[in-house]
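One chain, chain A, appears in both complexes that follow, with chain B as partner in the first and chain C in the second.
Let's look at the complex of A and B:
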């Protein structure tokens, strides 16, 4: 399997945008149980715009592509998801730099930088019941499996994200609007951890499609 | 969904166009969707800006004008505005004396305003921020996102706006905004849910005989669902935590604000105010000023919120100062 290149980045963003659009109602439904019923709508709007911007950009290095996605998300998503997913892609951008392709290790380092950025921006830690509970195990699983190559590492990451999302569903939320609910948030899946799971599944499938 | 709209995608844009059509003497709208006071920037005056999701009208756009906000940044319905908006607003109102951001404490609003403040500072504009977090329904602890910004925001915008209009500097208006925040407490309740236009169905379901106590302003569920009760009992349920938490007591002068959530008529708000006044009188709390009406709403939700602000002489004087905005106007 080849490195993670610009074509893979395009497929990743495009696949994620498609799936957010398909699952827009589901994400909004999850958010109406614990938040303000806009997660699916906002993510769909932001990633559709990001995909369009990437298409306009044409050929570019990985850092420029990720920066374009991040800036577009910050400008179009709003809510908490805009700054958080925007920061995720901006940190990918800084880490990937002017590379046209990233090795498995380089992609892992970029994902780690993205995780750090999201945690700095949102100040969430493990078990706060946020997107971090899908993102953190995904990055750790990627690192642990990176010796097997990019495909298996991304498969492990996607699996860990989904498991993280399941694991926190029974918890009380400690960040974001769901935290206002106290025990009433228990048993509801977290919308942000759900969209982060879809992100890693999209990344896995975009690379596997090469 | 039954709404007086043309298309769910055009709700915010068309409402803003309508505001300009109605109040072009007070405000204008600049790209990307920022409501700006018609005569901004005013040289030497501190700029006061706020913003948040749409659906809370008249807040914030309806408070743009003389003696209150210099600019307001409306996001999509119930969604924080994006940093581009706050950056554009900050630049549009900067008269060389700096700009204060009044931010309601919601995770998204705080993060987007933070990003915007960083960008504005990078462009050489001095920016301070005060976060309003007055909703006593939320436990204020390390284990929540902290209290939400609700009714106290309206009072902060009026009082701080008057101070900026009177020529106070950035440090002074920032300290004043913080003082309002430290002395204000609110709590709300809902009789019905509301429907985000783009979602098409109610955010939550409430039975005919149910109410939600401790509701926020985004249709997010409150802290407790109860059997429907009379207005006096509901008022007691809201006032209790406000009085306790704020330490309001005998000898205090307060501003009492009874706010409608969007779908509750004024006649019911006065029934609530009547009980608020009685409860204050019993405790020796003097209502020195009041505000009754729908000023920070949650679309068509029925329900109300109550806000008490402990006043000092300066706050009272600034509350009385002239204001001329689409939603609040006196003395001008």
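Let's look at the complex of A and C:
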């Protein structure tokens, strides 16, 4: 398995955009139970725009590609997911820098930086029932499996994200609009943890498709 | 009113109409025309949709900055995150030290910030006044 390069980054963003579009209604349904019913629409709009901007950008280093995605999300998503996913990609950008390809360890460091950025921006910790509950275990699983190479590390990350999303479904939310619902949010899957799970599944499949 | 620059104020809302109307209201009530603080609205998305856009907020901060910094008021949830992203990562790095995102309420916070800024206060004092607007007792001291 080769390093994570610009073609893999393009496939990742494109795959994620496709899946957000396909699952737009599902995400909106989840968000209508606990939020303002815009997560599916906002994410679909943002990542469709990001994919188009990447196509316009053409060949570029990984940092420039990730920055293009982040800045597009900031200006097109509209809800809280804009600054959060925007920060995720801006931190990937800073960490990946001018590299044309990243090793498994470099990708892991970039994902860790992205996690730190999302936590710094949203102030969420584990069990607040947010995207962090999928993102944090995914990054930890990636690190733990990185010795096996990028494919197995991303497979472990995607599995951990999905498990994290399942794990918090029974909880009361402590951040965002869902937190106003108190116990009424119990049993509802979190929309942000769901989209983050789709992100890691897209990343896994984009790299496996190489 | 002296010609000394004032701390600027940015009003961020998911709604372009609400941000613009808040600025108009504050300008009228706080009587800050002429040499007063710059008040800039950053509401809605570029295409008119409901939401917040951190890049637009960053542009508004730059427009509001007359040299003594900017206090940003935001309405709800994602607007605060977008304002913090704009203030900490998107604006010119050398301007960041003089930008504050207030946790105060939109209308009261913007009003009090405008009054303090018009009086010539520095950015920290203006931000503190905006923050404290949240604990004002509208109904007086009766418990």
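The criterion applied here is as follows: the second predicted complex is superposed on the first by the 210 of 210 C-alpha atoms of A that agree within 3 Å, B and C clash if a C-alpha of one lies under 4 Å from a C-alpha of the other, contacts with A are read in each partner's own complex, and residues count from 1 in each chain.
In this text, a residue touches a chain if its C-beta (ideal position, glycine included) is under 8 Å from a C-beta of that chain, and two chains touch if they have at least 3 such contacts.
On a predicted model such as this, the values are computed, not experimentally measured, just so you know.
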Joint occupancy of chain A by chain B and chain C, clash or fit: clash
Which superposed partner A:28 touches (first chain B, second chain C, both, neither): first
Which of chain B and chain C A:103 touches, first, second, both or neither: neither
Contacts of A:10 with chain B and chain C, given as first, second, both or neither: neither
Touched partner set for A:179, first chain B, second chain C, both or neither: first
Chain B versus chain C as contact partner of A:169, first or second or both or neither: neither
First (chain B), second (chain C), both or neither touched by A:90: second
Which superposed partner A:121 touches (first chain B, second chain C, both, neither): both
First (chain B), second (chain C), both or neither touched by A:37: first
Chain B/chain C common contact set on chain A: 42, 74-84, 121-122, 176-177
In the complex with chain C, residue positions of chain A that touch it: 42, 71, 74-84, 86-87, 90, 121-122, 176-177
Chain C residues within the chain A interface of the complex: 14, 45-46, 49-56, 77-78, 81-82, 84-85, 89-90
Chain B-facing residues of chain A, complex: 28, 32, 34-38, 41-42, 74-84, 121-122, 172, 174-177, 179-182, 184
Residues of chain B defined as touching chain A within the complex: 32, 53, 75-84, 106-108, 111-112, 114-115, 137-139, 142-145, 148, 196, 198-199, 203-204, 216, 218-223
